[in-house]
Amino acid sequence: MFRPLKKSFNLKKESKIDTDIKQTARRVYDAPNKGILWDWEVAGYIFTKAIAAGIIAFPFLFQMTGLVKVADSVLFTVAISSLLFLGLTGILLIKDLDQPKRFLYVLLRPNWTSWLVKGGYTITAFGGLVTLWCVLKYFDFPIIADLIVWPILILSVLLAIYTAFLFGQAKGRDFWQSPLLSLHMLLHSVVGGSAALLAASMFLPALMPLVPLLKEILIWSLLIQLLSFAAEFLSSHPTEDANKAAHMITHGTFRTAFWGGVVLLGNAIPLLLLIGKLRIAGCSRGLSFWY
Amino acid sequence: MVDWKWPEHRLPGYIKSHIHTDGIESEKGEFPLVPTFRLPTLIHSRSGNAKWLAEISNRNPLWMHTSDADRLGFKNDDLLRVNTEIGYFIVKVWVTESMRPGVVACSHHIGRWRRPQDPVANRWATNSVEILEIESGKWKMNVLDGIQATEGEDSDLSRIFWRDGGVHQNITHAVHPDPISGMHCWHQKVRLEKAHPGDRHGDLFVDTEQSFQVYKDWLANSRPAPGPDGLRRPLWFKRPLKPVMEKFYLK
Amino acid sequence: MSFVIFIKRIFHRVYVACKAENDVPVGVNRTWVKYIEKGEFPHTKRFFSVMRCNHCEDAPCITICPTSALYKRPDGIVDFNNERCIACKSCTQACPYDAIYIDPETHTAAKCNYCAHRVDVGLKPACVIVCPTEAIVAGDLDDPISKISQLVAGNQVTVRKPEKGTIPNVFYIESDNASLVPNGFLLVDKESGVTSSRVVQAVKKKFQFKKRVKN
Amino acid sequence: MSLKPKLGLIEKFAEGIGLIPKLNFEDGKIEPMNDPGDLSNYPPPEKWDDWVEYEPTKWSRKIKRHYTIVPTSCFNCESGCGLLSYVDKETGEVRKFEGNPYHPASRGRICAKGPATINQIKDPDRILHPMRRVGKRGAGKWERVSWDVVLDEIAAKIRKAIKEERNNEITYHVGRPGHEGFMDRVLQAWGVDGHNSHTNVCSAGARTGFALWDGFDRKMPDFANAEFILMISAHLESGHYFNPHAQRIIESKNSGTKIAVMDIRLSNTASRADHWMATYPGTEAAVLLAMAKIILDEGLYNEAYLRNWINWAAWLEADHPKTEISFENFILKLKEEYAEYTPEFAEQESGVTTQAVVDVARQIGRAGSRFSSINWRSASSGNLGGWQIARCLQFLNVLTGSLGTKGGSLPSSWNKYSPKMPNPPPPQKYWNELHFPKEYPLAHFEMSFLLPHFLKEGRGKIDVYFTRVFNPVWTFPDGFSWIEALRDTEKIGLHAALTPTWNETAYFADYVLPMGHASERHDIISYETHAGKWIAFRQPVLREVARRNGKAVKYTYETNPGEVWEEDEFWIELSWRIDPDGSLGIRDYFISPYRPGEKMTVDEYYQYIFERVPGLPEAAEKEGLTPLDYMRRFGAFEMEKEVLELHNKVLTEQQLYESLS
C-alpha cells in the first residue's frame, strides 16, 4: 500500500529555498508532486533478501572451509528458511508492481541491460540451486550437493548486493549513486544473517557450535557498519540533492528513525551487549530496514 | 464634455482615483484592493466544468508585498479577514516580491460555489456553501466543504488533488458607478486584519442595506441629462440598439 | 528528433493541448510549466520552463526498464509500450527529469513520447502547433538545414542537468538555471499529487476537509 | 526500420509456448503525409473529410481512427479563435479540438481554453434538457420540460407584454458577447429596447475615453508593425483578443520592438516586458501626461498630423480667446496646460521613477507613427475617472501621429465587418430607462450593474428577463443585491437563463435552457485583431457532419448531446410563436428570404449574410462551393489584408455621395 506524503514528512523544514524570499529563486508554480513511488515493499524486500542470503552463507561457508563442523540437520533448516525468506522477497517484489499479473515479463521479456532482470535471474538461480541442493541432500547424493555449494555461496553474495547496482542505475536519485552502496548492502546481509542465526541458536541447540564464530563476525561487522555510516554521513556528497538527502536522514524527517532505530537499536546496543557476553542479537535486524 | 456639464474635463487630465493614497491610512492596515486581474487559463464563471483548466489554476490568494506583510506581521498562507465597505471575506495571503508595495490584489475567476440544495455541477471548482440571511439584508456565506475528490462517471473526479475552492470576493464589493463613463470602478478600499477564530477560507458577510447606501452616494455625483437641446445622450455616441430619433430627446 | 524551447515566450498552452491529444488523466502530466521568481521589487523577474521528457541519447529509463517497455526509436524518440510495462516504477526513479509518471487509468508508466502517433502520420506534436508564440520548435537535429539545427547552432542553448550524462535532446534558449533544475526532486514543497491508483484512497483520507457542523 | 524493440529469444520462445500473451501485432500502417523530417502543422483541407490518425491511448497497437474535421470558432472568451473539431466517424463524437489554420486572427494557434472545450462537452454534470423550477425561485428543485412547453410559455408572456405596450419590461441581458447582429435584429423586430450587457463592468471606462477623441470607442493596435508598445493591460495572457494580439506582440518583440507594461503586479505579461512600470492604481494618467509633456517639450510630436487632424483652432478660440490663432501658439498653450505634469510629479504620484518615465516617453516619441498602445480594462476599469486614463493614452497616439497608421493604433470599426441582415427591422420606438437612465448620459453602455438597485428604487419592473451566458450573481459586484432582486417575483416576472452550464444566477431562474458550447451553436464573428478585416463562422459540428452524410436535420438539438439547443433557432422559433397570426408585425421579419411565407431557417439566415460578404462569393466560386459551404468548410475568410491609413485616402465621388445619405 502506498503511504502518501505524511504531514510529519514536512518538506518545508528542509527546503531552505522557500524561507528567504529575497535572495534565492523561489518556485511559485509547478505540477503536483508524484508522491512516494517505491514504498515499504521495496525496503521490505531488501531486508528479507539480505537475511535470505546471509543465513545460508555462513553455515555453508563454515561447512566447506571446515572452520566448524556443521550438522546436516542445521544445513537443511538453514536452506529451507533461506528459501522461505526468498519466497517472501518474491511476494513483496510482485506486490510492489502495479501490474502484478505481468511479473513473469521480467524473466520472459528480458532487457539484459537492466539490473532488475539480472537480479531476477539471480534470485531464480539462487532459489533453484538451493532447492536442488536440498533434493540432492535428501536423496543422498552428497558429492554433487557439495559441488553446487560454491555457486550457491557466490550467488548469495550477488543476491545481497545486486540491488545496489539497480539503485545505481536509477540516475534520478543522487543519494543512491554512491559507490558505498554495495558495501552497505553486503554488510546488511552479513549482519542480518549472523544476527538471525544467533537469535535462532537460542531455540535450535544444533546451532550452538557456530555461535562463538558468529558472534565474532557480528561484532566485527557491526563495527564496520558503524564505520560505513560515518563514511557515508560525515563526508560530503557529489551533488546538492545527495547532500540534502543525507541531511534529511541525519537531521531531517528520518532523524529519529536513523539515530534511534538504526544506529542505537540496530548497532550500538547489540555491539555493547555482545561485548558484554549477552545473547540478544536480533535487534540489529532493524538496521537494514531503515537504511 | 463642456456641453454635458463637465467643463472641467474638457481636456485629457488626471483624476485622483477613489482609492488614492490620500484616503488610505496604511498604518491601520488599509490598502487598495485590485480585484480584477485575470488568469490566462480560466473564463469568468464558465471554466468550472473544464477539469484541465481547473487543474492548472485553482487558487486565488491575496497578493501582498513582503514589506507590507512584515509590517503587519502576516506570514505566507495566513488567513486574513478583508473588510470592504459592505462586509468582509476570508482569504489566504500570498507574500511575494512580484507585487507593488502598498497595494494588494486578488484574482478573478475563482471562488465558485453551490448550495446543498443546488444541483451538483462544476465539481472541479465549486465550494459547497450555505447562505444564511441572518436578518433582512444581512447575508452570511459559510464554506461547508472545499473541493473534494469524489466518485463519478468521469474517473478523473477521484483524482482531484486541489482542495482550495478560493473565495468569492466580487460579492462583497459595493457598486461604484463612475459619474461620467458609467463604469463600475472595481478597486475597493479595504482594511486587512488576521482572520477571527471560526473564520474559514472562503467565508464572507455582506450588508445589502449598506451597499444600497453606497449606491445612492455614488449616484449623487452624477450630472443627469438633458444635455444640449434636451438630448438624453450625444447623438454621435455609439449606443447598442439605437431607437428612433425622437426617443433621444427628453420630453 | 528533439525540441528547442524558447523560455521567453512560454505561457500555459502546452498543458491542455497535450492532455487533449493523449487523454492524460488529471493529476499527472506529460509536459508541465514551472514558474520561478527572482529578485526584489521592482526588479522582480519571473521565468517559465516547459518540462518534459528529454528523449535522451543515453536514456537511463531505457537501461533500467526490465521489459524494454521503454525503447528508443531510430528517429530518436524514446517511446513506450504500455502493454509490456509491468509498472515496477524503476523508470520513475531513473529519470533525472521527473518526466515519467504512472498513469492512474492504465496503471502503467507513461511519458511524453513526442506524439509519435502524430509524427508517424506526418504531423508535428500537439504542443508545438498549439503555441501562439511558437515557443516550442520540434525537428530533426541530424538534418543540418532544419530550423531546429540552425537554432541550436546559432543560439546559446542550455539543457537540464547535463551532469547526469544522459545527453538530453531538449534545448532551452534564454533560460534561467534556477528554473531549469528541478532542484531536489526529494525536496519538493509541492502540494501532494496523484499517481498510481493506490494513491487515490490515500489522498482522500489524508486531505479530509474538516466537515463543519451546520450551525 | 522497425520502430519497436527487437524480440529476444526467450521472449519469442515464451510467447510461442503461450506462457505470456502475444503483444507484437498491429492494426495497420498509415502512409505518412510527407517524407520524414519535414512535418506539417495541420492535415490539408482535402483530407478533412476522411482524416486517418492512430489512436494515441492504444499507441502500441497502432489502431487507426477515421475523423471528419469541421471548423468552428471558440466560445471560451471574446477572441473567438478558430477551432478544428475532430469528429470520430465511428463514435460520432467530437474527440478533440485544435486551432484552425484558416482563421486569419488566430492562425491555427490557440490558448489553453480552446482545447479545453472538450472537457465542457464531456462534462458529466452537463445540463442536457430544459428545466423549469418547481416550488419557490432559488429553492433548487427542478423538473425537466420539453422545448415546446418552454417556447409556448415564454412566447405567451412576451406577447401579452407587447400587446399591453409594456415593451420596456422585456430585457435580454448578455454576458459573453455573440449574436450581436442577430439579437439586435430580433429585439428590434419585437420593438423592445431590451438589450442589456456587461460592458460597464468590463470596458466602459476605456470606451468613453477613446470615444471622446474620434467616436471610435475601441482602438486596434497594429502590434505586428509596431516599434514601441505600451500596454496598460496583461495582453499577453488575458484581455480582449489577447491570443491574436499576443502572437503579433511576440513577433514584433523578436524583431526588436520594445514593450512597456503598466501594471500594479508582475503579471506574466509584465515579466516579458522591457519596462515594468508598477504604478499606484489610478495614477496612470499622471504618468501618461508626464510622458506627453516630455514629447511636447522635446519636440518629438508629429506636427503634420496635429496640424491636419486636431481641432486646435477651435480649442484656442474656446480657451484662449485673446491669443492669435496659430499652430505655434497652440503648441505653446498646450505646453502651458500640461506644465505641472513633470516626471517628478509623476514619480511622486505613481512611484514610477522619473528615469523610467523619461526613458519610455522618448522611446514613444522616437517610435513616431509606429507607436501602438492598448488599454481595455485594468486601470481604466478599476478607478474613478478611469476613462481619462484611456483618453490620455490615446493623447500619446495623437501626439505621435500614430492613429490609423501602420504600426499604430487603428480605429476599431475599420477592422470589423458588420454583416448585412435579411429584411432589417426599423429602430424601436422605446427608450428603456432601466438600461440608459438620465443620470448617466455619457455612459458606455447600459448601466447593467445598477439594475437591482434601480428595481429596488422602483424605477421599473421586468416581466421577462433573459440572462444569456451571464452570471451577475457571481461576476458582478454586490451579488446579494442581485439575489434579492432575482428572488422577488414582483420585480422579475419570468427569469430564463440561457446557459451551457449551471451557474450561481441559474440557481435563481424559472427556466434553465441548455445552450451549446463552441461546437454546438451558430454565430458569426468579426473582431479587430490585426490590420486586416475578416469574418469567421461558429457552427454546430455534429449537425454539419450529419449534413455531409446526407442526413436531414431540422433543429440543432437533434444532433447536439441530449436536447442542448442553440440560440439562433431558439429566438427564431420564439419570435414565430410570439406572433402566431402575424398581427403584431413581428413574424414578417422571420420570413425566409428565399421561400416567401415560410419560416426562416438558420442556414438561410447565414446563407443570406455570406452571399453579401465582399470577396467571399468569388473565393467560394474558385473552390466550386456556395459562400455558405465555403464557410462551413474553412470556417473563416479574410476580406482585406491591410486596412490602414483610411483617414488619408481620397474619397471617390461615389463614396462622398453615399456618406451624405
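Going by the order they are written in, the chains are A, B, C and D; count residues from 1 in each one.
The working rule: a residue touches a chain if its C-beta (ideal position, glycine included) is under 8 Å from a C-beta of that chain, and two chains touch if they have at least 3 such contacts.
Please read these numbers as outputs of a predicted model, since none were measured by experiment.
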Topological distance between chain B and chain C, in contact steps: 1
Nearest-to-centre chain - CA centroid comparison: C
Farthest chain relative to chain A (centres taken as mean CA coordinates): D
Contact-richer chain pair (by C-beta pairs counted) among B-D and A-C: B-D
Whole-Å gap between the CA centroids of chain B and chain D: 22
Rounded Å distance, chain C centre to chain D centre (Cα mean): 33
Distance between the centres, which are taken as Cα means, of chain B and chain A, whole angstrom: 59
Numbers and ranges of chain C residues touching at least 2 other chains: 11-12, 15-16, 19-20, 27, 37, 40-42, 44, 46, 68, 84, 191-194, 203
Numbers and ranges of chain D residues touching at least 2 other chains: 5, 111-113, 116, 237, 266, 268, 271, 278
Residues of chain B engaged with two or more neighbouring chains: 40-41, 51-53, 56, 96-100, 161
Chain C partner contacts - residues on chain B that touch it in the complex: 40-41, 51-53, 55-56, 65, 96-101, 130, 142-146, 148-149, 155-156, 158-163, 200
Chain C contact footprint on chain D (complex, rising order): 1, 3-5, 23, 30, 32-34, 36-43, 52-57, 59-61, 96-99, 106, 108-116, 118, 236-237, 243, 246-247, 250, 266, 268, 271-272, 276, 278
For the chain D and chain A complex, residues of the former touching the latter: 5, 8, 10-11, 14, 19-20
Footprint of chain B on chain D - complex, ascending: 76-77, 111-113, 116-117, 119-120, 122-127, 139-142, 175-176, 184, 187-188, 193-195, 197, 200-201, 204-205, 207-209, 211-212, 215, 217, 234, 237-239, 242, 263-268, 271, 278-283, 285-286, 289, 292, 318, 337, 341, 349, 351, 377-378, 380-388, 391-392, 395, 426-431, 436, 438-447, 449-450, 453, 456, 469, 471, 473-481, 483-484, 500-504, 507
Chain A - residues contacting chain C, complex: 1-5, 11-12, 14-15, 17-18, 22, 24-35, 37-38, 96-99, 102-103, 105-106, 109-111, 113-117, 120, 166, 169-173, 239-241, 244-245, 248
